[in-house]
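Shared between the two complexes below is subunit A, which has subunit B as its partner in the first and subunit C in the second.
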Partner chain A sequence: MEHQGLNLMDQALGFHSNVTQQPWPLCGRFVLVEDCVDTSGAFVLHHILKRSFTSRPSSAVIFLAFAHPINHYDRVLRKLGCNLSSQRDNGRFFFLDMLMLQCPVEGKPKHDGLATVFEKIERAISELHPENKKFVTVVIDDISCLEVAANGSSNDVLDFLHYCYTLTSENGYALVALNHQDIYSDGERPAFMLEIEYLADILVKVDPLATGLAKDVHGQVMVLNKETQKQQGISSIKVQNFHFKIKENNIEYFYAGTRT
Partner chain B sequence: MAESVCRSLRDGVLEGELAPALTIKDSLSSPFGFNVFSHILVQLSSHIVAGKSQSRGMVIVSLSRSPSSYTGLLKMNGVDVESSKKWIHILDCYTDPLGWKDKTRKSGDIMDPSNQILSSYKTVKDVNKLFSVICDLGRGLVGENKSRFCVAIDSLSELMRHSSMQPVASLLSNLRSHDQISSIFGLLHSDLHEERALAAVEYTSSIVASVDPFHHSVDGQGSYIRNSSEPNLTKGKLNIRSKRRNGRVRVTCEEFKVGPSGISFAPVSAVDGAAVAGLIPKVQFNLQLSEKELVDRSRVVLPFEHQGNGKPIQIYDGRRSLEESNNETTPISGGKKEDSGRGEIIYFRDSDDEMPDSDEDPDDDLDI
Partner chain C sequence: MATTRTRVSSFSHNVSSLKSSQHPGLKNGPNGTTFISSGISDLDKILGGGFSLGSLVMIMEDAEAPHHMLLLRNFMSQGLLHRQPLLYASPSKDPRAFLGTLPSPGSSKDDTSHKPSHEKDLRIAWQYKKYFGEPQLNINTNNGGHHDYCNDLDLRKPLERHFFTSNNVDCVSIQNSPNLDALKDRCAEFLAQFSRNEGSISSAGRIAIQSFCSPQCKYSDMEWHMLSFIRSLKGMARSSNVVVVATFPPSLLSPSCSKRLQHMADTLLSVRAIPDEDKELAKLLTGYQDMVGLLNVHKVARLNTQVPVILDATTFSIKLQKRRFLVFECLNQAPVDGSGGSSYGNSGVCSTSTKAGPLDF
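Up next, the complex of A and B:
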């Protein structure tokens, strides 16, 4: 279902059709994408990446990659009609390759590892052209791999996410992160996932269909949007549910039962 | 409007006693704890500025919100933050709680000379030092005399994550015992901690305000409000448990609703019964019996029971046509045996003898 170029995911995230008159809806907000083994939520990251480049001329993305190399994202975004290489050349896309990151182990303070990563983010932001500093999105793919890099220290990961979150409140940047909720939901530390959910302003939960695999519907999405008046707290909570199908060059979103 | 709680904090502490301590407890199923916290913060601040409370100042320990959000909150509610008589100080444990941002300078805790009401705190894991800093800041607000100040901690959960349950419980105890502290209040997310940690904080609190969903979920898990058909996504219940000086516990309940203008409280509505009834699954048949139905049911005469009042009764046994059976009578009797030489059906109605016992398993006598 398209509405003046906006699909259901755009509407759920708060995008408006008239982008020039409306502020970037993810400004100062933390979008948490939760997925599972059965249904990957990476497409949501790709969608937001593409939106951040196409909807705003003066925006930039700082991408922390813990899961895939840049070629992977380049290929995926190319199919969606977005050229990451040219965005990088234009100074709007900073790719921080964290695939080989391994934080220091015993004997050395663990937090130094992630503190250094945060320093890199701050340095990348400082190197941005002033024009592109207005709407910055920091993307983390993904939190589970970040925890592996931090030697399993969930506390260090939460500290790191807190620091990234301060970028949203202090500078109005957007933070987007992907987490694999099935790793934590039945484990000994469900509190780790809940801590991050508390922090999130928008929760995008991607699940398989309850009825199993299907050819025309690849999964279901629940978008929980906390409208917050930061001073006072939550003013309203909007929940939207819809289905999706990942195609070769785009993703289709539609309400359940509207597929013909 | 959570009046009793605001009043307790406003009235403060009696000489020789522990300061009142409020813990606001919420969960992801009703994540409005910060709304309640903000409301109480604004109310108490108004009382302090108006000179109507025992506290003459307030120290806010901000861990989960930026200090600027608090100054913005107070200004938005008409509370003068920048008055000439300094009454508020915000200890910033949010911006750089571990000193990461100043790694090159290693400057430690800074007093920002340009901002009179804000101090940075960068060693949030050291709870003992935090206690000293809070006391120093409070004394800086009200002086060394007998004046008192209150303390607000916006995330006890964050503090417990950085340290552990024991230091935080100890901090709360020390704050309550301090001779210049009038009252303290803090916010805690109950689904982030073990039961014993929650219990420890609740024991050290004199008032526990629990932010609960409007309708309790069946599974009781701390899951987010995921059901989009839930009509009350912005409503909930505030259950307040206060410990009185004489040892009695007072429990009250209010409904609250959040919106763009803030949070509002109301007594629990009388339509709770209807609301509860709405939770019963709707099926297409009625499982209950009305009065009339009960009476009619008791009047139903079961087959093979004594009936006819002495007159012979005709029973159709299914082997002959109805016409033939009409020419024969098969007298029956119930309750006593007769040696008539013919087949009889003697029926004793079990259900009249004893009341149904729900504990009994009717299949107990089965021998399969």
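Up next, the complex of A and C:
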């Protein structure tokens, strides 16, 4: 796939065609994917997962799953050409099943629950083979389930995300998380969403088409890439809009109206 | 569009022709999933086969009408007919009494098609697209016996008692529970019987939870508690051969809580009442007099795949054929003189407002 050149999503995320010479664009960055009930953004996570494994031979992924069990991801990624089971056997894929995680409500202090999750991430990273430690991606699917697991304590969730961000940005790892923006858009505590968006370096917003659902075009994506050229201290924001169609073994990205 | 239609119908052909060395109540689905029937053949067709085992189906109620009960009744009854164990929870004091209202298979309907009568074929040509390809989807292998995947359930004929006096049915009342922990434990015990292993599926189960956040319940203001209940139920169900159907009234919850529940659902449906004697609607829709309500399909479960299901239509009218059989029909826009209207084929997702104002197709 990567020999065929980069698609619009790759370009928007900052991937270069010459992967071996350029640093990995997601190093030390936080990618936040936002979606809604009508259009799921999980495919972006699958895309990044696949890119993590195929673009670098020595990368690893720590996956915190709150929404689906491993069989689901295994099947999905397999159709995309990525074998999660063999990556796991090679010590490059750590699946932390958080489906049944529920932080204790009373008695124990609340942050016990999420603190142990963070410790698990740290432990998984420390267990990595030194070779695979160079490019690590931590994926969280998804933040709204993490909130439910934390009994609605958004402060704990924000603290947890800050910890993850510090860990990944200081070590040059990537952090990718999915959240459902329509939960917060109705006015209750919009600050939670805004804080996370502020923290993010790359924002990928997945929405349905304004005209409704269609079979040929599954939705539209807006990728906001906050690029910072640290040497000059200049920060620029690159915004790209395009449409997508999700298939079993591929995701097609194209500019609006260019679908052949 | 024609190719799209044949693709859909060939999919349903493929599904039914797969070797089902299993139970008649189970059908092979795509991507290693297995379907069980919802009890309503039209709904099974809309969803591409039925409800996937391991999925969570949520039905958003309309506080003004009990149409969600029709769906629940058919779901529960179909399971009992297939001897699939059932766990039913409701906020009423005596949930077992509800079992007496479950429908029984009726004698099969006389007319083979559910579509409006033939005189409608004389209408304007562009409406004909709706009928194109439908006969292919209408293949009914039902003999009316108990060995069919989906029975035609007669809502006026109660289910024979022997189906639910056995130990297959467990009823739980959540009216007086201080919280959902007891129900969660009951569900966990039930689900443990059907935990999935790599072998073939020997039996499937059904969980039906009615209005779990109704205001009668003591915990109805503990939104995070209810959310974590549904989340853990979903987590447990994913690794088992059970379908969980839960209904809730979104108007009685905060918008963010309702949205969270909608995201958690694998399959999301909503039912809406339509007022009687609404002259505007009568002008807009054909067959309005026979409609009891509207069904919206917001999301269809996609387990083990990332490809979304895009339906040709997401809003259907709920009708009671001969006042007995529940059918869902595509909405048929009455010929209006040129006043736009959105395109049929790709109707947008309807809002779930409880007010039946001007409809958004």
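As a working rule, the second predicted complex is superposed on the first by the 249 of 260 C-alpha atoms of A that agree within 3 Å, B and C clash if a C-alpha of one lies under 4 Å from a C-alpha of the other, contacts with A are read in each partner's own complex, and residues count from 1 in each chain.
The criterion applied here is as follows: a residue touches a chain if its C-beta (ideal position, glycine included) is under 8 Å from a C-beta of that chain, and two chains touch if they have at least 3 such contacts.
Being a predicted model, the structure only gives us computed values, none of them experimental.
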Three-chain arrangement built on subunit A, subunit B and subunit C clash or fit: fit
Subunit B versus subunit C as contact partner of A:Ile70, first or second or both or neither: neither
Contacts of A:Leu6 with subunit B and subunit C, given as first, second, both or neither: neither
Touching partner for A:Ser40 - first (subunit B), second (subunit C), both, neither: second
Touching partner for A:Asp182 - first (subunit B), second (subunit C), both, neither: second
First (subunit B), second (subunit C), both or neither touched by A:Asn155: first
Which of subunit B and subunit C A:Lys247 touches, first, second, both or neither: second
Distance in angstrom between the closest Cα atoms of subunit C and subunit B, superposition on A: 18
Contacts on subunit A seen with subunit B and repeated with subunit C across the two complexes: none
Of all residues in subunit C, those that touch subunit A in their complex: 4, 31-32, 223-225, 227-228, 231-232, 234-236, 238-239, 254-256, 259-260, 262-264, 268, 298-299, 303-308, 310-311, 314, 342, 346-349
Subunit B partner contacts - residues on subunit A that touch it in the complex: 111, 115, 118-119, 122, 155, 158-159, 162-163, 166, 169-170, 191, 194-195, 197-198, 203, 205, 222, 224, 226, 229-237, 239-241
In the complex, subunit B residues that touch subunit A: 28, 31-32, 34-35, 37-39, 65-66, 69-70, 72-73, 76, 94-98, 100-101, 103, 161, 189, 191-193, 222, 224-228, 233-234, 258-260, 262-263
For the subunit A and subunit C complex, residues of the former touching the latter: 37-40, 42-43, 46, 68-69, 71-72, 75-76, 79, 99-100, 102, 144-145, 148-149, 151-152, 180, 182-184, 186-189, 208, 211-215, 218, 246-248, 251
